[in-house]
Amino acid sequence: MSPVFGEKIKITVFGQSHSEAIGVVIDSLPAGIEIDFDELAQFMARRAPGQNSYSTQRKEADKIKVLSGIVNSKTCGAPLCAIIENTNTRSQDYDNLLEIPRPSHADYSAHIKYNGFNDIRGGGHFSGRLTAPLCIAGGIAKQILAQKNITVDAKILSIGGIENKGDKFISDEIIKAIDDVRTKGDSLGGIIECVVNGVPAGIGDTMSGSLESKISSSIFAIPAIKGIEFGNGFECASLKGSQNNDPFYFDGDIVRTKTNNHGGILGGISSGMPIVFRVAVKPTPSISIEQESVNLKTKENVKLNIQGRHDPCIVPRAVPCIEAVTAITILEEML
Amino acid sequence: MSPVFGEKIKITVFGQSHSEAIGVVIDSLPAGIEIDFDELAQFMARRAPGQNSYSTQRKEADKIKVLSGIVNSKTCGAPLCAIIENTNTRSQDYDNLLEIPRPSHADYSAHIKYNGFNDIRGGGHFSGRLTAPLCIAGGIAKQILAQKNITVDAKILSIGGIENKGDKFISDEIIKAIDDVRTKGDSLGGIIECVVNGVPAGIGDTMSGSLESKISSSIFAIPAIKGIEFGNGFECASLKGSQNNDPFYFDGDIVRTKTNNHGGILGGISSGMPIVFRVAVKPTPSISIEQESVNLKTKENVKLNIQGRHDPCIVPRAVPCIEAVTAITILEEML
Amino acid sequence: MSPVFGEKIKITVFGQSHSEAIGVVIDSLPAGIEIDFDELAQFMARRAPGQNSYSTQRKEADKIKVLSGIVNSKTCGAPLCAIIENTNTRSQDYDNLLEIPRPSHADYSAHIKYNGFNDIRGGGHFSGRLTAPLCIAGGIAKQILAQKNITVDAKILSIGGIENKGDKFISDEIIKAIDDVRTKGDSLGGIIECVVNGVPAGIGDTMSGSLESKISSSIFAIPAIKGIEFGNGFECASLKGSQNNDPFYFDGDIVRTKTNNHGGILGGISSGMPIVFRVAVKPTPSISIEQESVNLKTKENVKLNIQGRHDPCIVPRAVPCIEAVTAITILEEML
Amino acid sequence: MSPVFGEKIKITVFGQSHSEAIGVVIDSLPAGIEIDFDELAQFMARRAPGQNSYSTQRKEADKIKVLSGIVNSKTCGAPLCAIIENTNTRSQDYDNLLEIPRPSHADYSAHIKYNGFNDIRGGGHFSGRLTAPLCIAGGIAKQILAQKNITVDAKILSIGGIENKGDKFISDEIIKAIDDVRTKGDSLGGIIECVVNGVPAGIGDTMSGSLESKISSSIFAIPAIKGIEFGNGFECASLKGSQNNDPFYFDGDIVRTKTNNHGGILGGISSGMPIVFRVAVKPTPSISIEQESVNLKTKENVKLNIQGRHDPCIVPRAVPCIEAVTAITILEEML
């Protein structure tokens, strides 16, 4: 058990919210692949905070520093390590005692797992900030997949139960809803859909090697994800086989299905149709409304008021993260 | 990538629907654990077909034969191999050519992956029959967990969109609905909920080591699963943080949450609350209603009529399978 | 930690000396590979006992029964499971108490590891008999490698310190020496050399992914191996760099080295030269000469006399085992 | 296949000789372990160059910078990343064409594996410099093992065939021999013995999970190692079973063996006796004497003269590296 993705490509994410740096090691990338670091920076910018009214107003530079694995902008076969330095770290000793766990955060469960030694500053290793190195790896994976004509694109289907209509990344109606909860110190969740185009038929494996197993395993590595469904997902449970089955037909020489209820995966293996899945993102647990919690030291029930500015809705910033871990997973399967 | 579960306990499932035998190797079980093989047989019986009107009328003995790993009914530390002999196998050469893939089965995707060499008799390695060895491993895992006061129980929430009301395993209303589709050669899917009680706080890991990653990876190893959601799952996407967050409180000396929207997992790590998740099971793709498909040999679009008797609804038989892979996963995390 | 070989091809060996069967699961073999089972039987025969004066007189049939993974003599992509049934097993309960561990066997260390629950009949899972399923996997790997023009050949360099001169598998002088120790109830060890021809340059990896790491890891899975050296091995420690370095030259278009002190591996990666290594096999610890041991029950020092007929020298039977695990390892690296 | 050590503790080494930094990620260390960074620096100093006449005169600072995983000098459960910045790196594009591979270096085999994209500056990822991050991980592992009363100590047995007599780390006779080859532009290899004390009986596993498999796999991750032998090693091949077997006896309540020919490992599992093994280190391939090689561009045989100052003997600096990877391996098995 361990926070490492993949078997062929191994991706290890390290860092805490307030450690010297956060980063990622990507091991066993093929050698000789050109990485466009400007494009990568643009991808990272999609995850960065402080860009608009619906995300936190903190400013993080998120400047990528490559420590190894790249020669003349190309992968050299050695593990690629890239870091983002944290600018707000303190090196001196400090009080690391967790007294009051924040509801629906990892504070309590991590406290028990690590016997109270986990870094609690800013959520430590459980901070959403750790999705930044995931996006470094994912942005690189996306570039390699693009060279194979495989695209990974996620979009917001709904936020707070409001359907995301229109062509914009987020509709005005949703932005208004986010603004509304922000002023009240509350937060909203949402649903993201991800589509992978270009994966040929025959990729994946049986049992826990299934594409659904691999993708879901990676997706749940992202904090705040509570569900995943492939193709028509939970809806299939209300359908008859005759309604749910996807008829095959020849599109020229290519076998395709008329519908895609199966979401591009049959028996754990790609069918050649687009891989489609949706994930549920919970509302940010960091809210400034008073909550009930416990004081682990005094063993009393207490009221908790969380200070600071937080994302009223992390769904928009989760979109590139979904793309990132999906791209990593698909790349792994393609090698 | 490979159909092996687990890192500490390694579970390998082998066999095809018509091979000599199907079976499982369970590697690295602790030594000295007493296995109750009568209890295991009872667990297996829950998955067996031919028991009632809503499953297939085929009769399979599913008699477990232990080849290794057990001495005097106790695990001996060596890999445990148990098999179920197939009685309907043919050893002589035969035609293994797939001409017409069945819609929403693994026929086509497996054909591509294995260059046409996969065993197509009865679905081969992709047959639902391969969940039998999974249940051997899962039944053993359940017994070991029970010794740690951990229980894994799944139940049917709905079938074909009909809520499963009352105390029975399946309500009369649902049995009637299944009978109805059976007579029409059609099939139904459904939703299963699984609850794991007794897992202490602090189990699991970060990133793709999260309990959600591990459980979902195992669950999607079962054929026909199209979605999984933890706690309140997709519903969280419509809630505000103030509604979704689960307040902590002291229940005597024990920290608990007043609600369990998080489903017993926070930051990938158990919170001590019951682990709760739901899965969507698609309607059996094997229906006797005429369907559209392709002839891979002649490259023509064709009509397909599947013969034979099939489960009009595999949801009831999926219930022990869900328990099995969940028990395997939780046991792995507890060691 | 677990008795599984490989990451791409996963090989799991199960069984005990007196369990119902011993066997192997080979997972993720490419589909469509024709296996010559007669050739495999011939390979197995090289490991089988009872063939001549220098091995044990027990007769084991070692008849391979394929349970899964083969369709029309070809791999079908599903895990291949093959077993050898044990004919001398007892299913009723019996006394499994280890009282007196045999010197230089696994009896004592396994007893501690498994808290006394390990199967002690005939050495249980630690019996040399478990190299039979390894040879099934290895024999298949050899056939697949042969299709890529890669050969794996081991031979005996010396036994009991006597150099194995001449063209025979074992020289008459050595057979005489084995006969001699056999009559005295003693045993002999020896040195085996293995050469892998045909591996192209560029196979392997860095760090613990080095070919030496992979090969040595597999070799030490065979009981009784106490050392391994690549190329000129330990001799290099007495040489100067100018003597030990292997000069490159062009042999036509192919880069070769004039000497092969490096044993075909540089920086963990194949150089294109033959891969050469030697292993030390200890004398069979089963001897009928009286030995000193302990009674774990009474906690007394005791004398031990081991009954039964045992190999006076397992070196000849180790030769195909060395080839087997080497072939498995090289195949894994070639995929 | 990948340069990652371990399954429970995962250690990833990254960096090239001339990349921005070299470093290591250690994943899944237990939380709450105090690390003495002064002691770690002292351990690192044993590997550092430029300290005496028998190693290279280059000066590397090897200052450890911890990026993550440590809070108040204690492990916090999150992956520990520590780096050493390289001071001589060039960020601008440069010529990365390998023309003439150095004999017995990884130049040629890596060139083939990575299609010429590997970083060739200073040996790239294959540089002995990459043992520095291994020593960071190993130094930490040694500290954790010491808390369990397990010690890992290596020493030089011989260099250039000269036995290392006396109490000194290196005898005067050997220093003189090294000085001698240094003036001639040549180099020497040697033999190192490593002893692990304090490992309780019962640690390890069967097959490729054997302690010998695990230790040898790690040892061969160190460049220049050509052989490993456990206990009496290759000598056992000349002994009779009656000479080689180690008699058991009770030392008070503890079972011990009178001799330790088995090197503390029986059946892949620790016996409680000291774990003892020896490794052969080849002479540094970097010599300044003219050598024969090939020009890969012009496809001609050429003479090669390597410039620069290099270790005439890396054996002394390999000693802490041997301890490092052994400590990592033993720690992995003890968790």
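When the chains are written out, they are named A, B, C and D in that same order, and each has its own residue count from 1.
Here is the rule we use: a residue touches a chain if its C-beta (ideal position, glycine included) is under 8 Å from a C-beta of that chain, and two chains touch if they have at least 3 such contacts.
Remember, predicted model here, so these are calculated numbers, not experimental data.
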item: Fitted rotation between chain A and its twin chain D in degrees, CA, nearest 5; value: 180
item: From the options A-D, A-B or C-D, the pair that copies B-C, where over half of the contact pairs coincide; value: A-D
item: Length of the line joining the C-alpha centres of chain A and chain D, rounded to whole Å; value: 38
item: Centroid distance [mean C-alpha coordinates] between chain D and chain B, Å; value: 45
item: Whole-Å gap between the CA centroids of chain C and chain D; value: 26
item: Of all residues in chain D, the ones touching two or more other chains; value: 1-4, 7-8, 13, 28, 78, 110, 113, 125, 205-206
item: Interface residues, chain D side, partner chain A - complex; value: 1-4, 8, 10, 12-16, 19-23, 25, 27-28, 31-32, 65-72, 74-81, 83, 93-94, 96, 110, 113-119, 124-125
item: Interface residues, chain A side, partner chain B - complex; value: 1-5, 7-8, 13, 101, 103-110, 112-113, 125-126, 158-161, 181, 186-191, 200-210, 212-214, 216-218, 220-221, 223, 225-250, 253, 255, 257-258, 261-263, 265-272, 280-287, 289, 291-294, 296, 299-301, 332-333
